[in-house]
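First chain A sits with chain B, and in the next complex the same chain sits with chain C.
Entry: the complex of A and B
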């Protein structure tokens, strides 16, 4: 049976949303036209709020376009959404698994709904369970799976039969590198075996590398399209790497480059070096002085580089640099707490020895020992369910340890939790401020909750408002701020009482490259003035910003050291691994060693 | 799937062949028609039942709460006056006076406390240890002979309806004595104050609740409450839960039709509702011994009709609010509370202000309440049965129709 050669045609599609609170409407998708070929893997990329999810939902018939026409598998989806829904599969960002049903029951449900005949199921299930490595867990309720396993089960549910078009909405958000790689292997295998047509949205641009075609969306508009090669072309001959002298953190050079927006489009730490994109028209002498005479080596452009060039060309994202450098200076003079001045730069501010946390029989954290020095950026890495969050909560004093020694900011957390807590700031993964209070009201409330009042509270509020570029937003309800603003506000609140140590739990999960750059630029600025930062992340490239990192799996410490040392541990002297490769190797080596212990246990 | 049919399995996996073969007849043709409908409905219903059984809070509301309600309304809460303490001041030592008081002793509703002086009786009354005082004065037998005997009854009026009930019990106990006397022809025309002298005697009889026990009255009403609870309150959560957990988004992009989703929700909760009904009927029959004068079949049919009304309301609320907390509050306010207060369960709708009366009459619970009580205590009154069943059926059609209309496979 032959179908159309084109899976999807979008012709000048528009979609507006009415924002209830403000009465204004926003343009989610504006005049988008695109085509997706049958049997290909296509990616929709773009920053947050670019309209990727909205477009996908319109294709799935869950939303109706205001204008324009969408033909999916040759069917006008607005006229007959059911006909489309009969033939496609869709994995929403938050795949709605039925958490009280078992893995098998979830699969059965979707197989029944898609009318998969019994005769065919046995083979199909065996294959899906093998690919997802879920065969051991078929009887386990879906709610008791770890994040990565849930995501794989969600994918398996969309693949109970071979759909004519598979829509995946950010399938790898919040998933560790290991599970992320496994998810892509499954998709790739289905494409190879069944000529599946897949349309995927993603904020990880390395994922766009193996797509046949990439569409770049921004603010609802189609910014560019082409093969990955064509996207890369935008950054051709502009990408370089430069290695700073030993002992100097990468982020110092990276920040200096990123701050010079006239010369540099983008700069990120990468595999022990700094990778940057220069502007095409830049003066070579100026660039040379910016690099401090260190020679730069030209490298191949990646899709991400092309994407950054495209975004920076059309859109001025510059203002952050000045604000951050200004703020960094401001805080320095403002005196970041007398305690800091008294401390030696190498003083240990967090000391962890033989830390254990059990939940019943389950050991979430298994004899963990490390220390963090004043002013360090310290990264906690590990796959889903490795015990990162548990460790984090114990460090913040939110969860008592089962046994072990734990000293934070000079206080023993097992005894003086309340005192230690005043010395730390915490930013949780979710937005934990009052959405219906304004920016100013939130700052005032949390400031007074930390014991600030009167003139001192005013001063602190003014400082963080300036530091995080929140001026002019004082009266906006916090819940309606754009994502980047929310995060800045949350950090501002966490820093109001000038904590010595700032804890950040997956602050960059699900955010686009632009916002991540900005975020890290702020972190670098904070550490410059002596704030110690403890951070968890799923983006391995971000580990390169850290002074030292810990890799945890199944509660145990697998690696500890500078990013360079950890890369060495993974690959030895010769191999030039990037952080993600090193991470995956270390985890896999360890798991192979203890192959009897099950992988990716459920998160407590 | 242009080349799908011809492409050989590149990786040679065992599943490869059967996948391809199946694709031809499973592409999408299999979803159409009654076969697809039936298999999807069975699968969704099975899913709902599993979820229902695995979520303990469902079972607590669906089965635990009805049990508690049955026990509270059946035993704990009663509008009856039973064994009311009445102080008896017997100042006349004559056998006739003692005979009069004996009538009080015999009554199931009154338990007399004999005291020697009015002073003691007043003390008991003030301490609220008795609800009434019956005083037989020292000249009772003398005045009885003269034909104008009097017994004084003092009532504690703080609870007016209780006082009235006790008055009627006391007077009926005393008038029974007078009746006996006149039957024996001993004291012709003798009155004890309350009983009318002469030949005309008022004979009271309560119809439809001959024993005048409020259990008879409350237990059928309980069926209404429990059906409302299961139907509206429990189901108000189910669609909202799916919206909140984001499970619908993936479910929508499949051959599932909205009607199937709704039907799959209705079926298990309908069964839970019938279970509640069963518990009520058993409790009514064996625990509280409430008679059922009407036909059981009609009780069942009308209960099912009302259950559909409640389910329709619950699903409608759930689909509109898409939020479990809001849905549960709304379900309480629009269904359970009115069913408790405004349907005539406690308060007779004829005695309430016009506005409340109108609101009460707009509630489906009111019609079911009237119907179920009539069926239990009065029997098959066909006009009422047809009228109220028609009204309930109307509500069911409208509410379920609305619930179907708002359940669209759309996110905007």
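Entry: the complex of A and C
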């Protein structure tokens, strides 16, 4: 492969899209110029809608730029997309696996499609299957693999031939930390062994740490570029850790910091403490009073910190405090009269004992027991296929349990009558409202589903519209709202009837750091007024927002307790682990113990 | 009760909005049934209007010429070839140029004059047995009337004077279009209902629906009512085409017809929703529906009478709602019978609805998978 030393040159690339419904066009990519060196790992990062995918698709020759020029491997893509496609591999966000074909058949199919000679296949397959650890599952239909394994198979299919440039579009969305680490190991190995050039888009900024070069996109424009070190520089000397006194939930302090946008750029819970970035020009005294006198320790900046500083500096992200305090004021628990009986704090609202769910002879949930108290934020964590979703669906009454005891708000929701279901709100991982219906029509429909009508319905709709900043969007078809709006609408629908318990299934999967902060700020506000929240997530840092978490693997409960207790269980007193490290440790310890039983599970 | 109705109304409204907000749906629900009713009205006919024939006249006498003149005079038959030898027959039949060949033997004239039997040979292309059969009967009738004139006043002692009731001119269209009122709307209602839950499952909205306080029965009614309304609208389109375009007079009352159609549409929605409830996605629902539509139509008596089928298939038609609906539609439309006369059609429809609708509601929550 003696090619040019530069794999990709983008020169002032533009792309607009026409939005059919409104007749307006949006600028997806605006005046982007960048270069990718051969044999390097490069990341494109940015919030949702920054134009990352569009740019990648143009590089792959699947779209043509309106203006500007893209040279890939020395070829003008617009002029000869096929010549480029013959030499690159592209893995889209939702890779096209054939779910009814086995792992091996999928590999064969992609090898055939790419014309990989038979002679080469044997070695290549052996190597890919070894790297992805899928050798044991070659006969299993792809549809029966867990999310993480599907993603690894997708990557293996993309790599059946040796491309000169590999394009990966958010390869780790919806993938648990373990599988995420494995995916990156595969990519890294390919770079080391075959001098592969990789361009990856990602919303996980810790992934950008390993890259040789990072490009930060926002609203179609290139906001910054450089090595991870150069990105980190933007937040240098601005990052601190502060530990609240024992017994106080992190999110209280974190919320207080985040709400003071004049002082603080960003604050997140981190390993039992709150990690924050202060503004460079902040008055030390004001900061001190904000922290309530707790001493803060300076820490090294990460790429994510640099990214947050860049975004907040250049772009005035709407201050969150106003919107969120509305959230707190708007939803008062127990306002619903007879349906929402007042509950004492610490009262158990969810009780699970010896819960079992089998699919055929596969045990998805294996004798699970826990309870959740009123007003808690309770996190369900676990790798893909661990049985989280199955547990979650049983709790909501969407799936019958095989055996065991299950009570939510005093009822088994599967068999419960309408009254019990009125007490819960549900927000699924995927946008699950009627896309063709307008925002207002969706709210009206779900409102009436919960027995709201007339004046009361109007009032509630007005409240949530305001609470979730949906005003002015009443008539927009819900399916065409931007991602953040969709999520807010889904939450508004879930909270329309002021439920006692809110179920959230991977609400932050695939969303950028900005939106995740905003989302959690709302959740914190809800919990302050007494709503119980059950949440699943793949972002381990988010587990820190929870009062208590449960970690599941292979259907069994591995850990249960406050984030602090779970970290202790993983590493003992001395080790200062962050949640992700603790999580990986707990899973790996358990898997080593049971190494005779295979770790991969079917995803029902 | 008021609350129940309010909830059903809001489900129906949601369902109708979801169907009609899709511009493709709006077209699909009207245009195909219009086009198909015209298509069937014109194209699906066994009526003879144009029969090409070839003549091999070896007698070359006045009698054969006169007979042929009678045949040509019907306007249905037209001559495409005059054959010279027996060997030419195969050629015109094989090529499909002629549907029948009429052969007069060399002694035809003599036999006729001598008062003997004078056979006329008819060779039919029976690759299309229906048309060939009708053509043969038609030629037979022409020859009969020729016989009658030939013998003058002393005709045969017995004559048959057929009267076709309810369809005096025996037009296929009269038979087909009332049948279409039921079958076209069934195809669409089956499709719509089969896709409705499957679509919601695929989009994830069904979970969101199931966590609300709606009961499965309410969800089922909320889905069934709008689709029944759409199905009846479709029937109305076909009915309007039959009445006002093809001018097929309707003997029965609209109320009777709609009462029967309403029950039938409910039964097909029940089948569709059951399909939908077992399907994991829209593709499966689509496949199941297509698998079902073909036998439903074939075993309905729309194209071929149920009584012509072997006994076990006749038994199988008893679970086919379309069989009863077509019978009902034809009898009410053409015969003008009242509800009491078609009660044997209504009861099976009632039974089918009573099984499929609760089954669908149960399957919503307890899908076997």
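Assume the second predicted complex is superposed on the first by the 581 of 604 C-alpha atoms of A that agree within 3 Å, B and C clash if a C-alpha of one lies under 4 Å from a C-alpha of the other, contacts with A are read in each partner's own complex, and residues count from 1 in each chain.
Just so it is clear, contacts are C-beta pairs under 8 Å (C-beta built on N, C-alpha and C of every residue); 3 or more make two chains touch, one makes a residue touch a chain.
Quick caveat, the model's predicted, so the values are computed rather than measured.
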Overlay on chain A: chain C relative to chain B, clash or fit: clash
Touching partner for A:238 - first (chain B), second (chain C), both, neither: neither
Contacts of A:81 with chain B and chain C, given as first, second, both or neither: first
Touching partner for A:115 - first (chain B), second (chain C), both, neither: first
Chain B versus chain C, judged by how many residues of chain A each one touches: B
First, second, both or neither for A:400, with chain B first and chain C second: second
Chain B versus chain C as contact partner of A:433, first or second or both or neither: second
First (chain B), second (chain C), both or neither touched by A:157: first
First, second, both or neither for A:449, with chain B first and chain C second: second
Contacts of A:419 with chain B and chain C, given as first, second, both or neither: second
Set of chain A residues, in rising order, touched by both chain B and chain C: none
For the chain C and chain A complex, residues of the former touching the latter: 3, 6-7, 10, 13-14, 17-18, 21-22, 203-205, 207-215, 365-366
Of all residues in chain B, those that touch chain A in their complex: 1-5, 7, 9-11, 13-16, 18-19, 22-24, 26-28, 30-31, 36, 39-40, 42-44, 47, 50-51, 54-55, 242, 245-257, 409-412
Touch list for chain A against partner chain B, complex: 1-5, 17, 38-39, 57, 60-64, 81-83, 85-92, 94-101, 105, 108-110, 112-117, 119-120, 123-124, 126-127, 141, 154, 157-158, 161-162, 164, 167, 189, 192-195
Complex contact set, residues of chain A against chain C: 393, 396-398, 400, 413-414, 417-419, 421-422, 424, 426, 428, 430-437, 441, 444-446, 448-451, 453, 477, 493, 503
